[in-house]
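The two complexes that follow have chain A in common; it is paired with chain B in the first and with chain C in the second.
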Partner chain A sequence: MVLKAFFPTCCASADSGLLVGRWVPEQNSAVVLAVVHFPFIPIQVKELLAQVQQASGVGVAVLGTWCHRRQEPEESLGHFLEGLGAIFSHEPWLQLCRERGSKFWSCKATHRQVPTSPSAPGEDQVMLIFYDQRKVLLSQLHPPTALPDHQAGDATASTRGLAAVFDTVARSEALFRSDRFDEGLVRLSHWQSEGVEASILVELAKQASGPVCLLMAYLLSLISAASTCRVFKLWPLSFICSKLSTCEQLRHRLEQLTFIFSTQKAENASQLMRKANTLVSVLLDVALGLTLLSWLHGKDRIGQLADALVPVADPSSASSVVVYWAYCGQTGLCGQEPSQAECPWLLRVAQLRGRRKESLGAGKEWVAEELQHLLQWLMGAPAGLKMNRALDQVLGRFFLYHIHLWISYIHLMSPFIERILWHMGLSACLGLTVALSISDIIALLTFHIYCFYVYGARLYCLKICGLSSLWRLFRGKKWNVLRQRVDSCSYDLDQLFIGTLLFTILVFLLPTTALYYLVFTLLRLLVVTVQGLIHLLVDLINSLPLYALGLRLCRPYRLSAGVKFQVLEHEAGRPLRLLMQINPLPYNRVVHTYRLPSCGCHPKHSWGSLCRKLFFGELIYPWRQRGDKQD
Partner chain B sequence: MCAQPVPNTTEIRWQKVLYERQPFPDNYVDQRFLEELRKNIHARKYQYWAVVFESSVVIQQLCSVCVFGVIWWYMDEGLLAPHWLLGTGLALSLTGYVLFDLLDGGEGRRKSGRTRWADLKSALVFITFTYGFSPVLKTLTESVSTDTIYAMSVFMLLGHLIFFDYGANAAIVSSTLSLNMAIFASVCLASRLPRTLHAFIMVTFAIQIFALWPMLQKKLKACTPRCYVGVTLLFAFSALGGLLSISAVGATLFALLLVSISCLCPFYLIRLQLFKENIHGPWDEAEIKEDLSRFLS
Partner chain C sequence: MEDELSFSDIYGGRLALQRRYYSPSCREFCLSCPRLSLRSLTAVTCSVWLAAYGLFTLCENSMILSAAIFITLIGLLGYLHFVKIDQETLLIIDSLGIQMTSSYASGKESTTFIEMGKVKDVIINEAIYMQKVIYYLCILLNDPMEPNGISQVVPVFPSAKPRLDCLIEVYRSCQEILAPGKATSTSP
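The block that comes next holds the complex of A and B.
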């Protein structure tokens, strides 16, 4: 078996001395960590190694000798080095030698006591692998997730070996503390031996972080204690809090801050990474929020926004036109004004529309006109559907009255909209995500669309259910609840008569209801889509591991997926020399591994079930059925 | 396999059993196999006039549909006052109701256990619901084109005739479906009438002629066959007369249809019986003779 010797590149130019490192017998490899220089007293070296072993828990030992020949070869040094093998006994004993000039290396591994076989007495073939000690120390190895079966056994073995090397280097940090400016008794050569890196800012931050964390943790615990107060557990408040996405976002933000400022030390690397990711995402979020705030508060943009939002929210320019046209279409009065006695509120809608027309830009007009065209098309015979005039009229008046109510509400609200927006803008201090939770505002402002949708859906659902059961009656069948199947059944004459009468009526009224349902469902779907997009954005900001992505971008070696080897020298009679380089983790795995948990649970619908629900008129988001319907 | 017959097979006789090993091929049968063949065991000998009498059910139903169509046409044209139809219908229904009990002396009522109170309740339900829904019915199909309504009604009435329970024991027969289709057709047609009252009376008339009249017919046929024949003839002639007042061609065609169904079809059926050749034998599927329904439930 080939013996693998891992050798740090920084020690390549060190003076001759002893190789200190760890022997991994399972992999048959030696990980060299540092070189101890002459002169030294063997007992001190042993003491140092014992200290390191106690601190790190890694079996550090003297593995062999290192000989860097700058001048003419000295016979005495060679003998001396061989003699050292007797003092520091190790199996196998490595003898690494660098000739003058950098090209020639030689490496021997000798078994002193038990020769393995008579043909090759006490010598192994050695493969020399150079590694960058700093990078290996800092990098975190991510073992591959899944491999095809035929590679799996092979790969896990090699991965374990690699992990052992990385682990050894990472854990023996105690060995690297001393540099050459120390007045130590033993002189070592390793990656930090030229001087320990440090930055004043980092040190200051480290010093400051303790008290800051303590203070913030105290404040946050106060806030969370206040939020768990009993008042918030009462029925209406807790219900509202569970429904509003702003509250959800605020709770999530509180959790994030608590996590960041928790005084406990991060236990492992993944938790540390998660902390860093959360911190960076909160910082970015707040920065974006502050930018938004400064943009909003300059040049009276809030006022403009409120002016723009009121007409959008109050769709007297849109929905009332819908119903207005519906009304005109069914009474055959297209183009004429309906008489005042018939529907006074309709005139009011028209007046409001006119007033709005002056204040609105061309954009709203365009929306209104588009809706007009749509409704004109719908009011004719859309796709050959036959509408029932009487029902059409009833529904139209019903929705008109509802819109009338809504408009009054909006006009009552409009003076406050600006102030509400201003306060909402302030909430951007807590981050863009909190400000983006305006989906609550959208939900509030489009409440009437939701109402229409619910009315339409309920009516449609009633019709569909009634039709399906009456169709069974029409065929002389019934649904057997106990056996969950359709059985034949003999009905009375009056049951049959009433059932068929209702069936006929429902069949002929279905298209009208379905049309109303369709229009309001489309409006509702539009609103839900906008809300969903906002939710997606908030989720993206919340869950993207920004710190890990930044590391991957600037320090690719910190997150490693594996290693690759570059052949430095491959000649017969000389040891094979390889350079180990770190493969960075691909971006998608970075995102996948370090994704932060996002807040809130969104109802999951498959497309099929969504279509099914839409067809049968069951309410989609945000409505949860209490339990599966037992038909 | 025992494909080779044993030389001295004279003693070994073939047995029609599977549980014994026999020196014959698997598909072997001997001469006795066809001894059990029987032909036309279920064939019946029909009497011509009996068949004609039975076909009167079909005649009656055809005439009902025809009378319904004619009445609707009169109503639609405004030639028939709705009050008159309501009065006649009520009078006829009351007569029929009294007859229904008188015919078998209250035997059927006692057997079914149906009280007069239940009858009254049913009548009230019919009248109330029809009257209540008649404004809805009136405006129900306004936007649907008349041709669609006609096509739908014809389709439904045909379905009514097809699925009607003429006394045959077949899978297609479903009196529920047939009645429902007739009511559907009547509601469709009633929605075309000019006024609400018309619609109400039309639907009431439909119940009388499609639901109540066949029940009375059944009882008439069972109790007084002679009277039934007379009623059928009378009904058929009145339907023909009504149709004649609308269209002579239609009346002629309808008369031809009635004659062919009541005279030609029975004749043809009896002729065709001569060619009947049903074979029965041990290869038939097993038939459970005993009524096992008491073991179920």
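The block that comes next holds the complex of A and C.
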């Protein structure tokens, strides 16, 4: 087996001395950690190594000698270095030598005892691997190989392969504490930090963080205690709270803040990273929210937004609807079928309204008005389809009446909308995600679309169910509820007759219902899509590990996926030299590993199940149902 | 020691295999794929622009032309940076591991290093690819749970797809390092 010597690049220019490091026998590799310079007293070196071994739990030992020839080779130094092997006995004894003016090093590993195999006479093949001590010290291997029982003395068995090298370097931090300029008894050469820049602000923040955390944790515990109060557990409140995304978001934010300000120390690196990620994401969120707040409260933009959001701020359109409704009600009460002669009248109303809208010059979207247009279009011959006229009219009027109710509701609401929005805007202090839970407001303002959808879906579902059971009757079968299967059944003649009659009626009425259902489902899907996009944005802000991404961008070696080797220039007869570099973790794996948990209150329909539900007229909800399968 | 051989990939394209013997315990194999040819680049660009021009004459909207330019540029950049692999390298170091590097045409390099403790063996396998049977070199990884199990099969040279004769060369050299002594007797 080839002997591998891991040598730190920072020691390449050190003076001659002793190599201090750890020998990993199972891999036949020597990890050099530092170089001890001349002059030294062997007892003191041994004492220092014993101290380091006690502090770090790494078996640090003198591995061999290091000779950096700046001048002409001296015979005496060579003998002296060989003599050192007798004082610090190690098996095998490394002899590294760097010659002046040459890029190639010589390296020998000698076994003092009798070699086990006669073919290898005391010397091994050696491979030199250079590594950057600082990067290896700071980097964190993915996936983490260290086991929880790491601290317990000899944890060397738990790590294998190159992870052992990383582990050795990371744990022998005690060795790196001594400074280069210290006039100590033993002079060492190894990597050392450039020195921490003492900033008074950083020190103050460090001192202040403890009390601030305590205070915030106390406040947060008060808030969470208040939120678990029994008043909120009552039926309507708890139901509303579980469905409103603002409440979900507030709860999530509370959890995040409790996590950040928890007084316990982070146990391991992944938890520390999670804390940092959460902190950065909350900070960014609040910063974005404050920007939004200052923008909103700047130039009466709240008022403009309220005007834009109130779908029928124009009372004239509402009055025309009332007139129209009165007319429809008259004809309906008289029990007459609306004749073809009404169509021009309808058209005229539509034209009139369109002109008025143009004259107002308002570029805003009048949701209710557009819906009325749509309904009128549906009540005629939509896209040239011939519908069942009576059912068509009944459905259309029903929906028009609903719109009328809706308009009056909006009129009642309109003075308060601005104030509600103002208060919602204040919630942006808690972060953009809370403010973005505006989808609640969208849901409130498009409640009529939801109602239409529910009516249409229920009607359609009823028809589909009726049709399917009657189709079974048609074939002489029936659904056996007890056995949960289709059984054959012999029907009477009049049963068959009635069933067939009903089937025919349902089949002929189906297209009209299906059309209404289709149109309102499309509208509903539009609203759900907008809400879903907002939820996606909120989830993105909540779950993106910004700190880890920043670390990957600025310090790629901190998060490592492994190592990569580069073969350095080579000369025959000399040991092979490799450069070990840190292979940074790819961005997608960073995101995957450090993704923060988001509040998962949104359903995850697969496309197939969605289409199936839509076809059979089952209701789709924007939140997760209790019976839904969690996937 | 360094030598260069010429092989062909499964489509008949030319591949250059460079072998570098750094030491008895360290070898490198470097497969260079053919570069992006000017002819195919011109053909793709011309077809996109002609299609855009055809749409432009129909719609009379100059947005289409600028969109076509952007699509071509971004597509070319994406192709060079994420898809087109110029060189694939297999570095095998005794008792340390196997390293696979793919260099993209834009200069990006993606490296995977597999430690020797995880490597079970290097073999030549055959697979059905589209409508033909191809051979590929792959690394079998040990399963940490089962001593004899295989947890993963990592294909080597996935984008170059060299033919069997090239694979045999690489395979023999790999086996010389992995299992010295019996390498000469094994044949794939």
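Just so it is clear, the second predicted complex is superposed on the first by the 501 of 631 C-alpha atoms of A that agree within 3 Å, B and C clash if a C-alpha of one lies under 4 Å from a C-alpha of the other, contacts with A are read in each partner's own complex, and residues count from 1 in each chain.
Assume a residue touches a chain if its C-beta (ideal position, glycine included) is under 8 Å from a C-beta of that chain, and two chains touch if they have at least 3 such contacts.
Given the structure is predicted, the values throughout are model-derived calculations rather than measurements.
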{"item": "Clash-or-fit label for the pair chain B, chain C on chain A", "value": "fit"}
{"item": "Partner chain in contact with A:Q27 - chain B first, chain C second, else both or neither", "value": "second"}
{"item": "First, second, both or neither for A:M127, with chain B first and chain C second", "value": "second"}
{"item": "Partner with the higher number of touched chain A residues, chain C or chain B", "value": "B"}
{"item": "Touched partner set for A:F474, first chain B, second chain C, both or neither", "value": "first"}
{"item": "First (chain B), second (chain C), both or neither touched by A:L578", "value": "second"}
{"item": "Chain B versus chain C as contact partner of A:N388, first or second or both or neither", "value": "first"}
{"item": "Touched partner set for A:V2, first chain B, second chain C, both or neither", "value": "second"}
{"item": "Superposed arrangement, angle subtended at the Cα centre of chain A by chain B and chain C, nearest 10 degrees", "value": "90"}
{"item": "First (chain B), second (chain C), both or neither touched by A:F565", "value": "second"}
{"item": "Nearest Cα pair across chain B and chain C, whole Å", "value": "41"}
{"item": "Touching both chain B and chain C, residues of chain A", "value": "none"}
{"item": "Chain A to chain B touching residues, read off their complex", "value": "381, 386-390, 473-476, 490-494, 496-501, 503-505, 508-509"}
{"item": "Contacting residues of chain A [partner chain C, same complex]", "value": "1-2, 4, 27-28, 125, 127, 129, 160-162, 562-565, 567, 570, 576, 578, 583"}
{"item": "In the complex, chain C residues that touch chain A", "value": "20, 22-26, 28, 91, 93-97, 99, 101, 111-113, 115-118"}
{"item": "Of chain B, residues touching chain A in the complex", "value": "121-122, 125-126, 129-130, 133, 136-137, 139-144, 174-177, 179-180, 183-184, 187-188, 203, 207, 211"}
